[in-house]
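Naming follows writing order (A, B, C and D), and every chain is counted from residue 1.
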């Protein structure tokens, strides 16, 4: 129940059990081709969008957005926490102007606030974080994009803790770059950044000039994506072959077997059951409003116990949780990741383990009531 | 027998079969710690050198060298082919001056030529390619470094197709940055760039200023390396957890079980047996002088057959070879990769398969004589 | 939560991932040798006992006991259900006399009853079933053996659902043949019967004459056991190589890592937590007295729901239970297997799932109270 | 290159990577059902034949033939070596009369000799060994069955080293019981005996009386086979679940992907290439006439080297061979197993390794000529 890397389905793991599959092999090319196709479905886009699979993860995918920017342009970062702030850290390394809109932990930046800002100034690009992994707060993306769409060239969404678990409609919502990583709600080992780019974003790749470096310049990866989509091997730099084989298997399960809609509903149910348990035992959630609750991460505020003790103690129950990393709440909360292949049983086990550990550590909770609340929620 | 990714030992592959190992887990931290320690032995350096494991591969490791450079500095690239030229492509993306010394395919740039160049002009950094994967030509690194050491600040060697299969003595030879990737002679799936940096190189990381971006700025990864080496989890951006688990197993075999020296000897024997077979059947090798022969890649020049036909035909023999990618020899040669876990049996099978396929395609060779020559070499 | 085959630890499963290990290989011989050694510890016997690993499982191990019998001898079968009755079915195929002591489902045959019987008549051999898998009833072996020891030549105990999860002291208790199978509390895939024989039992193997057939005549397997124990490959008939590799890994975990005592305590705790949950939700257990409760199997009596419906419904909760197979209670109960690698989390999930499914099927239970009772038991 | 267990295809091995598949699970039932169906194709029989999958291997399958016999009946064993003799060892344990026809190592018993014998006396059952694993000699089954068909009730063939690699037409040839094991030419781990029974043989199972014991009485397994074939779980004694999952995958490859005919041709080509190599280096084969050569096992007679030395020495070449076990040729020959997933590359590697090892041990061979002969044979 970590916020990532998450537990991996055996079937996904075993798809990478290949000791002689090179990047020019038929098997790999087919897995790559399939993954590109299914990536479009994952982000709910059509052929006007170009998918990219690049090495690294969320951060490399974020930084590859520099491929779309030129020296001197201005960007707005809308941030609700640590991973929103990461956009600032990246952009500050480049010769562009960066402005930031942020908020208190537990809250998201209101669309109206954002709208005001983009009307005030000319921004080439705005970035959002769909689910802020550091707090579990979900930004209302659809409304946020609507608020800025007419005023900026490019809208970028970091969907690292949302894609595959939350509703994501990149095209309908008018997002130019939607990105995620393999190791979160897709339930694949870490190693891949995944993006889709709109026609408007792709137009910018035609211009050879950009602030990007070499490895993360999407221009270098584009011929590989095109060739792989056409079933032919192509080389720029060796991709993480085995991770792509596993991604391909995961996307087959996510899109073709479980179905994206069912998968999102499953995440919603598990998340709700977990929140029911947390509230049942008498604790508070970091996200302040129900519409900011996410399907993937729940921050839990402790009354008197130190979060670090909870994390180290609960490992012996066979459950791994994540520390709270928002600097303003340091040590006062922990995070439950509930994404990927999580089940109702995981909700049951997690709440039961949290209850027992907190009870043992002397936290003021109602032992037995959390697990009962989760059970009653699931039995509904 | 591809030039990479290469065949992977089952034991290495199975080390990655973990469905619930996060980057904060004890098991992962220990594998990371062990890998850092063994990486030093791999490059033959002591604690004055700092090892780095970063996502990506050879190219990301190469680009991370920008962490050591400042705007306006001048670098010299010594290149014998496609992968030497890659340094030029990377550096040209940054605000620095780049000069190039190159040579014809099959040859390496002579140390004297390099010495002349570094005496002429002030270079902050010089790059070499130990084994040029595109042709199989080996640069004499020891002598090359000696030729420049007194005139430049930093000496960088791309050891992607050499580390783990050729003699590499980063410290003794006075190399500041020696790098490789997981998927070549180490026989691990792709996904990792691996570097060691001298004290002189590390000194440059103390200065916050550099031309580097964010993801490939070694400054961001340094605290993770330090923490992991001390047995504590630490986070900058999610690393490819499973690939590191596999690297750890591979390094255990390479250093502690097979032994680096035995491993290099094995590569040398297999490479020699393959060259004996190639010459035995009457074909010529791309590398022009025996001292330029590498232990890892052999380019084979064809008399009249198209290289593409050989590659597609030989797949049905259960052997995969690599195309010749040097633009000046396009279609006229193919490459045999013989690195990682290659055995004498692989030499036998590869030569036998090449012979049969070439004979079938009408190439002018002596059928049966190549395999006999390989066999007699091995029986010595 | 099936009564067997049970869930298998990944580490055990992966120990069988060998594509080229023959029965003469060093690796296999060592695994066999280690398994024989650890088998002695498993049954708490010393070198005066001879361990056997034979193909098949519980039934083949049971039938191999015919190696100890001669035409016309008389045996007594003490049976509490289906698997006790199996002894009768086996022995009736052979030219010996068979007598049976049985009881109602939920009960065991009292040691005094058994003592009376063996005093009445001369029996060469008596068989017991430690835990009757069909009902979850545990026979008090220590007392039962004490009751017969002075009156019979050989005491045989079927420990299929007990060894590795219940206290078993073959030597201290004076048992001549104690047997189990790989797929139960040892948590290994099915395919192996495992036995230890006392000196008294081994004495009988010296006589070439017996009623046994060929494949299950322990005389044929003895030289293999001896040779393997001495580290040398030996052949009678090909053993299930991969299953033995997995058994070896499992025994390493059971004996050397978890420790037999801890393992038995874990089983006891999980079993108690499950029974607390069953009683908490208001249902009755098949075994009638607490001292007949087993650490491995719990039979649950339903008030009005059909057991078949529970079993098919609960599969969609990710939990597999076993049907009640005792003919006298057909359709009225189901069985929970809790052996092998079961954890407290498994107890939680199983009880939660049973509650939800029974509630859905309209059974008269207290929803939420079962899981709460399990949780409170575990929190103690 | 052992005579069994043989190398296993990764895909087959990975099909057994299931940690929670019980014998009542849908997945297992489907694998069992599929295996039964494909077993018929494997033996070239239609629905008038009943397939059986039973625990154990070749020996348990052989002993299960006792299910078809009654006290006092007479059987004829036709044997060319150690595994033919095994029939005698089995039958002698039972109250039936056994007669034997045998021959010198390297030869098979001529059909005319057998015909004479069955005309002389009334035999209920005759057994043949298709390929005698101890020498590699192939019995001409079609002609042998023709010779006895009119005079005996039941014709039984041990196809352990033939089924899946040699032409086998159980129905066309009129065989009543054809049997094999999982670990030979089917390339599955050991653990299963596989049989098909004709209507005539099945008729005998209707009679409850037989000499068989309990575990190997096919009557006990028949309801399981029937139920599984109808897609319903059924229990007699726990089968080796994982081995059946692997068998199912292997049969899918053998029958549906490679095709039985192609598979037999592949075995024939590899066997011929190996024999070409053996003769090329100047050694003699155990089987005396070309029509006795088998596709699966080749015995090689040494001139002066001790066979044991060859076997221990060749392991370091990564090749495992089998000892010669025929008592009359003890120490004078070794065996090459070439069955399962063997390829032309295996023939190349095996011959090359044998050559180098024999040369090193001082055997009188023509170094380089064996491997050249194999290569020229394959290049034809």
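Here is the rule we use: a residue touches a chain if its C-beta (ideal position, glycine included) is under 8 Å from a C-beta of that chain, and two chains touch if they have at least 3 such contacts.
Bear in mind that the values here come from a model prediction, so they are computed numbers and not experimental data.
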item	value
Most remote chain, CA-based centroid, reference being chain D	A
Between A-B and B-C, the pair with more C-beta contacts	A-B
Chain B and chain C, separation of their C-alpha mean positions in angstrom	55
Centre-of-Cα separation between chain B and chain A, whole angstrom	34
Chain B residues counted as touching two or more neighbouring chains	10, 14, 17-19
Residue ranges of chain C in contact with chain A within the complex	317-319, 343-345, 348-349, 352-353, 355-356, 359-360, 367-369, 371-372, 375-376, 378-379
Residue ranges of chain A touching chain B (in the complex, touch as defined)	2, 4-5, 7-10, 13-14, 16-25, 55-60, 63, 66, 89-90, 93-94, 181, 183, 189-191, 212-217, 237-243, 320, 322
Chain C-touching residues of chain B, taken from the complex the two chains share	10, 14, 17-19
